Amino acid sequence: MPNKIKKLAVLTSGGDSPGMNAAIRSVVRTCAYHKIECIAVYRGYEGLMEGDFKTMNARSVKDIINKGGTILKSARSDEFRTKEGRLKAFNKLNEANVDGLVVIGGDGTFTGALIFNQEYNFPVMGIPGTIDNDIFGTSHTLGFDTALNTVVEAIDKIRDTASSHNRLFFIEVMGRDVGHIALNTGIAGGAEEILIPEEDLGLDRLVDSLNRSKKSGKSSSIVIVAEGDKIGKNIFELKDYVDENMSGYDVRVSVLGHMQRGGSPSCFDRVLASRMGVKAVESLLEGESNFMVGLLNNKMELTPLEKAIKGKSKINLELLRVSDIMST
Amino acid sequence: MPNKIKKLAVLTSGGDSPGMNAAIRSVVRTCAYHKIECIAVYRGYEGLMEGDFKTMNARSVKDIINKGGTILKSARSDEFRTKEGRLKAFNKLNEANVDGLVVIGGDGTFTGALIFNQEYNFPVMGIPGTIDNDIFGTSHTLGFDTALNTVVEAIDKIRDTASSHNRLFFIEVMGRDVGHIALNTGIAGGAEEILIPEEDLGLDRLVDSLNRSKKSGKSSSIVIVAEGDKIGKNIFELKDYVDENMSGYDVRVSVLGHMQRGGSPSCFDRVLASRMGVKAVESLLEGESNFMVGLLNNKMELTPLEKAIKGKSKINLELLRVSDIMST
Amino acid sequence: MPNKIKKLAVLTSGGDSPGMNAAIRSVVRTCAYHKIECIAVYRGYEGLMEGDFKTMNARSVKDIINKGGTILKSARSDEFRTKEGRLKAFNKLNEANVDGLVVIGGDGTFTGALIFNQEYNFPVMGIPGTIDNDIFGTSHTLGFDTALNTVVEAIDKIRDTASSHNRLFFIEVMGRDVGHIALNTGIAGGAEEILIPEEDLGLDRLVDSLNRSKKSGKSSSIVIVAEGDKIGKNIFELKDYVDENMSGYDVRVSVLGHMQRGGSPSCFDRVLASRMGVKAVESLLEGESNFMVGLLNNKMELTPLEKAIKGKSKINLELLRVSDIMST
Amino acid sequence: MPNKIKKLAVLTSGGDSPGMNAAIRSVVRTCAYHKIECIAVYRGYEGLMEGDFKTMNARSVKDIINKGGTILKSARSDEFRTKEGRLKAFNKLNEANVDGLVVIGGDGTFTGALIFNQEYNFPVMGIPGTIDNDIFGTSHTLGFDTALNTVVEAIDKIRDTASSHNRLFFIEVMGRDVGHIALNTGIAGGAEEILIPEEDLGLDRLVDSLNRSKKSGKSSSIVIVAEGDKIGKNIFELKDYVDENMSGYDVRVSVLGHMQRGGSPSCFDRVLASRMGVKAVESLLEGESNFMVGLLNNKMELTPLEKAIKGKSKINLELLRVSDIMST
C-alpha cells in the first residue's frame, strides 16, 4: 500500500560528515513537497528512544545546505543495541504517529535500522553519510568528496614547506579499513607513495620507492598513510624506521585528524545529498523499506541494507596503477 | 603495429580549464614510465604549426598538478583550419620525429585533430578539458568539478549579503549551450529558480516561482542563469523585467565571469586528469587512434572523436526535478 | 554617571560586511560579562522604529562568529531621516528600557546615530562595519580585510586563465569614493595598473603602462579598476578604448560585484570585531557617548562620530609607489 | 656614500613562511626599478658559502607572489656559524661583485647576518619572515596573517564535528615561545580557553573554565594550546588529565602541524612583503645597513638587527581580556 505514509522522521547517527545537513534539508523539503509531515530526531538513536523530536517545515532547514556537521547532532547509542532500547524507540515513534524513518550514517547506523525494522516491521531507509566511502552500494558516500578536497588542500600547504626544505613528510589521513581517501588524495597531492589498508607493500618497497624518487632528482617527498595501513607500523614508527635506515632525509610527520570530517560541503556533496534525500523519501512513499539509497553510474539506486552492510567497498585497482605511474 | 610509437607530443587548445596541467603532467609521466619520449607543444595548434616544442621529462612537470590554467598556453588558430596550416604542422611533427599527438581541449580542438588525422593518418587521442561538461562520451570533463565549487563558493558569499538585505539576485554562470553548471550549482547554492539553455520555462513561471517563494516566507532569493538561457533575455533584461513587473523586490545582478575558468583543480579533477593522461598515452601505445578518453561509470573508456564531437551531452532530468523539490 | 546603563541595544545598518556577526556576538557577550541586559534590533533603523527587538544572552550568538552577513539584517531607512521617525525609535527604546545603543555600519549609519543623540541625548556608540575602509578614525573597518582576500582569490583565478591565453583583463572591484580595495588587491594580485578614485592618471598613462609591460615580456596583464575610478570611463568603455587604440590585445572585463561583501570573515576581522564590541560596550558603560571605536596603531581608540563622518580616510601614498615599482 | 651599491643578493633562511616569495619578488623588482643588478642565493647561508647564485631580472619572479614556501629554498647551516664558513661566503659574494645582502627569515637568520656584517662590514638588511610573529620591531612578521587564517579555517572545520558530537577538542597550534597564533586564533575560533607560553593559568583554572562553559549550556568546547604552553603538559597529557579528572567529556586532540607554514599568502602578507622588499632595497641604496624593516603603526620602519634579535615581541594583554570576555 504505497501511500500509507503520512509522517516521516529523520536522524543522523555515527560519525558526522559534510553533506549531512544538506541531506536533512532534502528529506524535510521532499516531505513538504509531497505534503507529508516530517519530524527531526536529535542525537541519533539516543534521541529516538527519548522522543527528542522537533516538527520541521520547509523553512526549518533554510541556510543549512552549506554547513558542515549535522544540526541534528549525532551520538553512538549502546542502549539502542538492546531489545528494551528499541522498544522505547518504537513507542516514541508510535506516540508521534511516525510511519517511516530515514537514517543518515554509516554501517553501524544501518545495522541498527535493519534490526529495528526486523523487530517492528517499521519502514526504514538509509542514506550513506561518512567521509570514508566504505559503504557498498554507492560509488560515493556523503562527505567523501568534501573530505578529499580538505585533505588535498592540506597536502598542498605541507608541500610548500616540504619543498622549501627538501623534506620527507608522512601524512596520515582517515581510513581505518579502506584506502579510498589515501589513494585519491595521494594521487591528487602528488605523493611518492601511498600506504593503504588493502595492500601490504612492505617496508622494503617504501624504502626503494623513496630512494628511486631521490635519485630521479626530487627534492622533497610526500607519503600518504591511511590510519589503518597494512604495513603494521603507525606513522611515528614509520618515521623512526626511515630515520634509522635511510640517510639524508629530514623526516616529518603530520596527522590531519578530525579537520577532515568538517567544512562546508562541496558542490558534489550538496547535489548528492539533495538527490539522496528525494530518493529516500519517495522510496518510502512508494512502499519500499530496508534499502539504502546510493549513487551507481550517476543514477540513484536502491541497495538492500543487508547488502550495504555486508558488502565490501573495493579500491579501484586502476587508481593504484595510476599512482605508480605518476610517481615516476 | 601497437608498439611503433617512440615519441609523443601533447598540447592544450581552446578555452583553458582547471586540471589541464594535471593532464599534461600525466601524459609526460606516463611517457617517462613507458620510456617513450615526450615533447610539449606551446600555444595549441599555433605552436604546432610553428614547431614551438619543448622536450619534457618527468621532472619538467613537477609542482604543476595543483595549478590552474595551462603551462603550455592555449590559443585559437584560424590557420590550422586550412590545408596549408595542417601541412605545416605535419612537417613540424615529422621533423621532430613525433609519432602521436595528445590534444587536450573541447570539441573545436577535437575537430582539428580529427581532420588532421584524416589527412595524414597521424595517431591522435583527445582528452576533454573544458569547464562546461558539454562533451559526449564522458560524464565529467576536466575542470567541470572545480568550476562547480568555484561557483558555489561565490553563491554562498552572495547569499550572505542577499539574506542580510532581503534581496533577489540574478547570478550568471557559464554555459552557452548546456546548463550543467547552472543546474548543479543552482541546487547546491539553494537557488529558487535555475534558467538553462535546454529549457524555456518562460517568464511567467519565473514570476510565479518568485511569488511563491516570497509567500512561503523566504526573505531572499537567488536565481541562477546560464549564459545561454532559453528565455531570450540577458540577465540585465531579466532584472529590468522583474523591476517593472513585480513589486517589493530589490533586484541585483552578478555575472561571475572568467573567474570560473581558473583556480587550483579539485581532488576529483586532479585524479581524473591523471587517469585520462595514462589512458590517452597507453591507448596510443596500443595502436589506437582517433578516440577521446572519458569517464563512464567510473571507468576510463574510449569514444570515437567523431561521436564525441557530434554527440550531445544531456542534462540529467532527475536534477531538474530535484531542483524543483528543493525550492519548495 | 558612568554606571547608569542597565540595558543596551545593538543594530546593523547600511551595506553588510563580513565581521558584523562577530561584532554583534561581542556586544552581546560583553553585556553578559558585565551583567547588563542586551537586546538585538532587527533591520537597522527600520526595526528600531517598529520595536522589532529580541532579548539576547550569551548563547543567542553562538556559532555566528564565522558567518558572513548580519543575522540582524540590514536596511536603509528614509523614515529615520525624519523627526517623526526618530521619535518613534526613541519611544520604542524607552518602552523597552534601553539605555544605550551600539550601531554597526558606515557613515550613513553614524549620521543617523549622531542626530538621534543630539535630539534625545541618547547614548550611542558606533562600530565601523563596511568593506570599503572609507571611515576616518580607524585603520581598518570591519570586513575590509576579508574583502581583500576575496578579491585576491578571484584575481588569482582570473590570472590563471589570463596567462593561459595572453589576455588583458580589466577587473572592477568595489570602492566608489576610495581606492583602498583596488590599491591593496592590485599590489597583491600583481596588477600592471590600478585605477582609483583618488587619482586621475589619464588614459595616456594607462596605454603607456600597458605598452611598457608588453615590451618587457609580460604575456598577460591585469588592470584593477575601482568602481569610482577618476578616469571618467566605466570598465566597459575602458575595454572599448583599448580595443580601438591598441593592437595585439585580447581584452576581457570582469566585474566582481556583490561577492565581495560576503564570506566567512578572516581571522583579522573576527578579532577586530571582538575587540570593537568590547570597547563599544565598555565605553558606554563608562559614560562615553557619540564616539566610534576604531583601530589606531593596533590599539582600540575612540573618535567622535562627527569626526568619523566628516574626516577623510586617505590612501597610503607609499602603496601607490610600491605598486609602481612592482609592475616594473 | 649612499649610491655605491650596484648589485644586491637576496636569500631566505630558517623556517619558511607564506609571503617569502612575494618578498623575493619585491626585492628583485625594486632592484630592476633602480637599475641595480640582483642575484638570488639558493638554500640560505649554505648556498651563500657555495656560491649557489642565480641572476634575476623582473621576469624571473613572475607568478610567484601567490605561492607559499620559498622558491630559493631554505636550510639551516652550522658551517655559517663558524668563522671559516663566513669567510667562504664573503669570498663568494666578492667574486660575484655583490655589494649588499637582503636576508629573509627569523632571528637565527638575523644573528647570522649581524655577525657577518660585524666581521666584514658587509651591508645587510633583514626582512622578518616567520609565521610566529615573534620578532621585535614589527607588528606583523611575513606569514603570520596567512597562518592565522589557515588555523582558523581548520578550527572552523573541527568545530563542525565537535558540535555535532558534543565533544571537547584540544587543538595544538604553532608557537614555541610566543602565543600570538594561539591568542588570535583562539578568539577568532571561539575557543573556550587558550593556553600560551606567556602565562601559566594552571590546570585548575582550565578545569574551572570548562566546567563553567558546560554549565552555561555550551554543548561543545575548543581549547587552543600553543606548542610551548606554560602549563607544563603536552596536549596528550592535557587530554589524559581531563579524562581522569572531569566527567562527561568526550575529549579529542588535534595537532595542526606543518600545514600552518604553507599556503598561498593572504592579501595582507603579499602587500606587506611588497612593501618590505622595497624598503629593504632602498634602505641599502641609501647607505643603511644592519637593520630590519618592519611594520610599525602601518608604516615601514627600520629597527637595528641587534634590537630585533634581543627585543621581545609581547602578547597584547587587551587580547587576553577580550578572550576571557568572549568565552562568557
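Think of it as A, B, C and D in the order they're written, each chain with its own count starting at 1.
Going forward, a residue touches a chain if its C-beta (ideal position, glycine included) is under 8 Å from a C-beta of that chain, and two chains touch if they have at least 3 such contacts.
In UniProt terms, the chains line up like this: A, B, C, D = ATP-dependent 6-phosphofructokinase.
Note that this is a predicted model, so its numbers are computed, not measured.
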Lowest number of touching-chain links that must be crossed from chain A to chain C: 2
Joint neighbours of chain D and chain C, given as chain labels: none
Remotest chain, chain A as reference, centres from CA atoms: C
Length of the line joining the C-alpha centres of chain B and chain C, rounded to whole Å: 36
Rounded Å distance, chain A centre to chain B centre (Cα mean): 28
Rounded Å distance, chain B centre to chain D centre (Cα mean): 39
Interface hub residues of chain C, defined as touching at least two other chains: 156, 159, 163
Chain contact graph, described as a line, ring, star, complete graph or other shape: ring
Which pairs of chains touch, using the document's own definition: A-B, A-D, B-C, C-D
Complex contact set, residues of chain A against chain D: 12, 15-16, 18, 20, 67-70, 73-75, 150, 154, 156-166, 169, 219, 252-263
Chain A contact footprint on chain B (complex, rising order): 25-26, 29-30, 32-33, 58-59, 62-63, 65-66, 139, 145, 148-149, 151-152, 156, 163, 184-185, 187-190, 216-218, 264, 266-268, 270-271, 274-275, 278, 297-300, 316, 318-319, 321-322, 325-326, 328
